[in-house]
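Data first, discussion second: the structure below is written as structure tokens.
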Amino acid sequence: MTTIISLIILGILVLFLGILKKQSWLLPVILTGLIAAMALTVMDWNSVRSFNNGMLIVDHVSVAFSVVLIFSAFLIFSLAAQYYRGVQRPLDDIYGVMIFALVGAVMMTSYGNLIMLFLGIETLSIALYVLAGSHKEAITSNEATLKYFLLGSFLSGFLLFGIALIYGSTGSFDLHQISLYVASCSGIYPTMFLAGLFLLIIGLAFKIAIVPFHFWAPDVYEGTPTLLTAFMATVVKTASIVAMFRFFTLTFNGIHGVWETTIWILAAVTILLGNLTGVYQPNLKRMLAYSSISHSGYMMLAVVAFSPMSNNALLFYTLSYSIATIMAFGILILVREAHGNDFFTSMNGMAKTNPLEAFCLTVAMLSLAGIPPLAGFMAKYYLFTTALEKGLVWLVIIAIAGSAISVAYYFRPIIAMYLREPNGIPLKVEMPYKIHLVFMTLLVILIGLVPVFLVGIL
Amino acid sequence: MLTQILILLPLALSLITLLLKKERTIRYFVLAGTLVEFGIAVAAFIQYKTMCHCQLQVTAGWISSLGISLKFGMDGIGLLLVLLTTFLLPIIVLSSFSHSYNRPAAFYSLVLFMEMALVGVFTAFDGMMFYIFWEMALLPAYFISAVWGGKDRIRITFKFFIYTFTGSLFMLVALIYLYFRTPLPHAFDFQSLYAVTLTPAEQSWIFLAFFVAFAIKIPIFPFHTWQPDTYAQTPASGTMLLAGIMLKMGLFGMIRWMIPICPHAVQQWGPAAMTLAVTGVVYGSLIAIMQKDMKRLVAYSSIAHVGLIAAGVFALTIHAMQGAVIQMISHGINIVGLFIVIDLIEKRTKTRNIADLGGIALKAPRLAVFFMIMLLGSIALPLTNGFIGEFLLLLGIFERYMAFSAIAGLTIILSAVYMLRMYQRTMLGTTNEITEQVTDLTWTEMAPLIPLVIMVFWIGLFPGLFLDTTLPDVLTIMSYIR
Amino acid sequence: MMILSTIPIDYYLVFCSILFCIGVIGVLIKRNALLILMSVELMINSINLLLAAFSAYMNDPAGQIFVFFIMVVAAAEVAIGLAIVVLIYRTTHSIDIDVLNKLKW
Amino acid sequence: MNTIVALIPVFPLLGFLISGVGYRHVPKKVTTFLAPGMILISFIFSFIVFLTFATSHFRYLATSLPHHLFSWIRIGPLDIPFSFLIDPLSCLMLLIVTGVGFVIHVYSVGYMKDDPGFNRFFSYMNLFVFSMLLLVMGANYPIMFIGWEGVGLCSYLLIGFWFKNHDYNNAAKKAFIMNRIGDLGFLMGMFLIFTTFHSLNYQDVFAQAKGMAFGNPNLVAITLLLFVGAAGKSAQIPLYTWLPDAMAGPTPVSALIHAATMVTAGVYMVARSNILYVLSPATMAIMGMTGLATALLAASIAIFQNDIKKILAYSTISQLGYMFVGLSVGAFTGAVFHLTTHAFFKALLFLGAGSVIHAMGGEQDIRKMGGLKHAMPKTYWTFLIATIAIAGIPPFSGFFSKDEILGKAFEFSSLVWLLAVIGSLMTAFYMFRVLFLTFFREFRGTDMQKHHLHESPAVMTIPLIILAVLAAVGGFINIPAIFGGNAGLSQFLAPVFADARAVMEHEAPLAPGTEWLLMGITLAGVLAMSAWAYHRYIIKQLGLLPDDAPRSFAVRLVSHKYYIDELYEAVIIKPTMWLSKMLHEVVELRFIDRIVDGVGNMVVWTGNTVRYIQTGNVGFYMFIMILGIILILFFNILI
């Protein structure tokens, strides 16, 4: 609750700053505000309680994931200065909307009622529709936003329909009530209810970008301004997967069996298709889109396993994934700035011109590929452990095969940077940005080396 | 105590190296560092010998909730391999002085990082640690061969990376699976992994997973195709690291992890694996005969040699196992020596093509002598290190599978065929315009070869020291079989 | 209220589902962004009706409150949607969704 | 005693190290004295050992205790000490190796004096003597194997001593590889011995073997495998072809390695493990046949050769065949005796040939020689003695040793005896052919050679004389009873072959009458042969046909060594090379690697294909999504 309120205040503050023409204050205020919000959230750690008779439930899970979300947002905002370097137009609106999107995301992690879930999703989505199109002049940006909007609203219709059906069969939106109902109708569920359940799953699957509801992701990612792509790839994905998992844990605990198979298949297909499609992408941004799809597949492993460990595994995974992805996008921003595109060829010989940046991207890629001792490896390992504990051997083997394939495309930028001849255009990077990149790199390495802090807290 | 130092020192060195600028300083710094490391290893050896097999174990919790602990130590086998690693590193560094690599800081720091990973692999007492270091060893290997490699390096090295990486992922699954079968509280350390009791079916799966991972790394026929290309493309020092030390990881993994964890499966699948290994022996030797590139020739010969070692491991007899261990050491020494010689030849003549060479012995008798000694070692002439290993291996295999031993014994003949062919075509005969201006070795060039030669004859004459070191551990490993 | 409750709930369910499907089909077959938008609205309104019906039958206000939420959100969505459509029209003088496939593969 | 024994091989090793490591810096003069000196010292030591030994009371004691230096390989049951065994047999071998070795070293000093590789040569020679000593002194099979492979290496190094010439190098490689084939047999034999007796030390093995049944399959297998090794080392069918080519090496090498010592290693090994052999009749039979076949084959080839060294090489092969025949019929003493005498006269022959070649300025074709008797009398006389000795004309050494073998052969079967006799007749013939063509008749060389003709210097002739004496009187060490001798050697060696003799069934020794008769027949035949040779080459002046002269098929067949080399080339070498190429180009690159790459390419291809699902068309996306939704609902609700 405090998180949401503080963030909303922050958002409004940002808009006011815009009115007061204090563009230069924006980022400092936002960053401090985000840190404050994080601090407030952490303070809620030991106060597990529900607000507005169960509309919002703040528990460890929600707190932890809210922190992850805000932290990712923080990392993304610290890329903003470089990204909008040349831009003259006021940015308060974009930043403001981003923060409101973040509010939506936080709501999705702490909802206790389907209404709140819906509102959270919509807050997030509507904000994102705006953000995706925020680069008005670029046709690609427009296309991206239209695609995202059409598909998004279309699928949220199904989500709503699902909610309606669940309401119809259970008579309540409250997760607790629903779980009671589930418990009551021991094993035999009315068709309407099941239909609602699956439509709800589908609605969330769309947001997480699970095959076959992933189609928006590559196109929208490519068209959207890079900074906001990073936002989509991390914050949105994290929020949605958490929402889905929360939904299962709080409500459908008893009927794991009903949806397990479906999710199993979806996860497998997502991992395979995401990785396979990623192999042949010519540019980094689109490759990252597919990588994010495949990673949502991996995250589904935790959902399928559905064990006490899952929460923690998810937390670990989302965090390490978000950091690495944001790093990648950070470099991507630089490359785009210098070359106007982000084809792998424009990274040739970066190791010679910009050794530091090259190293950062390498670490990010290796972490995403899950190579020890980086964060990505520990995350994957944690996830696989969770899955194998439940005996999902074949799913894990598919995931393994997937990550073997994924090496093929994660290494393309590395090969380009280290093994090809430089094309002579060095990236222009400011010192704070460098520091930020190094900070994230260290984070990735440290999480890999000392994961103790993140393991077993949930 | 010594164990941590052994692991951490190279890491620290590699980080420091990154800060150094001048190539000269870097070289001597790295050389000194590796020598110190070797000294520590020797100290550990002495301590081990004197303090009756104390295993020098160190443990620290890491992720206790996931049962991973920083558990390191050295039994005889691991200790010998650590000794090999730390002994070869200074030699490899020394031999690399004759080249000047661009960005030396990066190069040497990668080399040191690799040393750290290798020592970690050989000292890991915790399954997950073993895996982590196993993978960490792969990265520097990849970058060394990819960045400083030959023309076709991008494709080849990428194949090498993805092939070996994929293989080891299976091992990861196997390890995690085993983790859940360990008695509560679950743990990865080797005692609890050894203690796992598995159904035959499970054992077979685990065995296969491990086998694929190790077989690709070793490499055992038919998983070997990455190897010759990679050796040909990799810079000399990289090749030495790969051939001399890295492929021992696989054999070590088989002895240390695979056999005790799934003994029945090893016995059940032993003949099959043996068939592959022995096939590799003959296959590699035969192909080596007609190779044109010296490095490729040695690469194929190495496939044959490690095939024999693997066969020895699967023979599951004490002699074969002992032979395997001693032969790992010998093979490391011999092949590094051969690669150094080849590197020196290439440096002088700018070619590795056997057909272009000849008569070098006239111009560089010292080089010829060193070449001959390394050659004799690798064709297992008695009183050289190679003989001890191959004698024990073949004897051990013979005790269990006579036919396999006879077939594998063909290496005695074939190795002579291809090695002498290479020697004759390069060293003997009359000089041509390429070999006309070949000069003899300088002292700095001989420096790395001399210790190798000493080891060749030391192990050949007095293998007792090494055999006694590993015997108890081999016996414990064997005790899991029955 | 009387009249409402005389009609069995299943009728509402079926009716709303049909409406919803009509909306879906509209979305699928139409190529004009505006029409797609309207079809989506149709879907949403069918859901609203369904919710209203449910809440009426269960005498539970939550459903009807949710309907209001949905209306608000839908309104916001439509506003954005129209803005996007205008944007698109400005750049590519058409609102046919098939025109927009620069981003693919 | 122990130290003395241990020191015997040390000196040659020392010599090797000094002249080998410092091959550039050690002056020629030093080597000149160092290399032979070292051998001389170890000869003296061996002689001391022999003397302390010959004093009979010490003999049996000494045989029973090996001199343990240090433990080499020890793993539980497998214990291979580095230890030497001194018994009559090894004693005799020591004397031969060091004695003949020394003489030949001295000779080499003269022979090689202008060679740039002087030091290298002597370091190799010393290394050879060292390995040979290990071979004969070893107290267990592995130590013998060290020497076994060591001498192989040295022969490789020395055959290819003039390594500029690739023909020589190929000859060297051929020798080494053929030996290696034998060595594999030896190795497997050792393994089988270990698995059977759980030890590799002679004493344990023989002690246990004594108790085993006659014709025990394990023993048969062991002995056969060991015989493969022997065949490789001692140039028996089918592994003999390397020896003629080995003549590429400097002549002293041929004398020392490829006549006197190394090639007899096989004979030594079989004699050493006599007990194993007598217990496995099958092996004995095979060995006998092989020996006989080799003896005849080689002898027949020798008749039609024109290269003096090649002739001697083939005669060596056939003599070795004799020795194996001797072994196979149980005449162990006879075989060792013949080994000894053969060492003398064959070394002498080679050295003589060497001095001839030296004089002829490298010419080796006997058709281009002739009349050298006057030019180089010393060489002539010594060569003559050697020829008589090898032909087996009493009282020279060859007669006695051959006679012993023949006698035993007759006991065994008259057919064997007959064939053996035929062989020895051929020997007599071709040896006299060489003698006559080389030293008699008019000189057939160029004028240049004629001027250059000269007797070799003393450093070369003195060894000739020494060996000539030995070849002449060498036979007296073992005069059979029939001549009123005391068969000294047999008695000396008795303890070694005691067990074997115990096993062998005792048919009554030949009646003196028969023995005289046999001797008479053989001798008559030999004399007839030499007479015929005289008639053919001196009186009728034949035997100078050029190679391209028209010949009958049989002759062509024989003079081309029965095309055995060509056969091996076609049947073994070519296929191996083809296999190697095929495996690499087809199996490796086209098949295995294709599969590996194929997987990768398949992934890439799939990736490239599936990415086109992403058409970029919203309508299509929606369609697929609806499809997905319908499927999910369908499978989860309606089913």
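Order of writing sets the labels: A, B, C and D. Residues in every chain begin at 1.
We take it that contacts are C-beta pairs under 8 Å (C-beta built on N, C-alpha and C of every residue); 3 or more make two chains touch, one makes a residue touch a chain.
As the structure is a prediction and not an experimental result, all values here were calculated from the model.
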Centroid check, CA-based, most central chain -> B
Cα centre of chain B to Cα centre of chain C, whole Å, reads 67
Separation of the C-alpha centres, chain B versus chain D, in whole Å, is 38
Chain A and chain C have mean C-alpha positions lying a whole-number Å distance apart equal to 27
Cα centroid separation, chain A vs chain B, in Å, comes to 43
Multi-partner residues in chain C (2 or more other chains touched) are 24, 27, 97, 100-104
Two or more other chains are touched by the chain A residues 146-147, 150, 154, 218-219, 408
Multi-partner residues in chain B (2 or more other chains touched) are 162
Per the touch criterion, the pairs are A-B, A-C, A-D, B-D, C-D
The answer for chain B against chain D in the complex is residues 159, 162-163, 222, 225-226, 283, 286-291, 318-319, 322, 359, 361-362, 365, 376, 381-383, 388, 391-392, 394-395, 398-399, 405-406, 409-410, 412-413, 416-417, 420-421, 424, 427-430, 461-464, 467, 471
Contacts from chain D onto chain C in the complex sit at residues 611-612, 614-619, 622-623, 626
Touching chain C in the complex, chain A uses residues 115, 118-119, 122, 126, 129-130, 133, 136, 139-140, 142-147, 149-150, 153-154, 157, 160-161, 163-165, 167-168, 171-173, 192, 218-220, 222-223
Residue positions on chain C within touch of chain A in the complex are 9, 13, 20, 23-24, 27, 33, 36-37, 40, 43-44, 47, 50-51, 54, 58, 60, 62-63, 65-66, 69-70, 73, 76-77, 80-81, 84-85, 87-88, 91-92, 97, 100-104
Chain D contacts chain B in the complex at 23-24, 70-76, 78, 142, 145-146, 149-150, 153, 156, 160, 163-166, 169-170, 173, 176-177, 180-181, 183-184, 187-188, 190-192, 194-195, 576-577, 579-581, 583-584, 587-588, 592-593, 596-597, 600
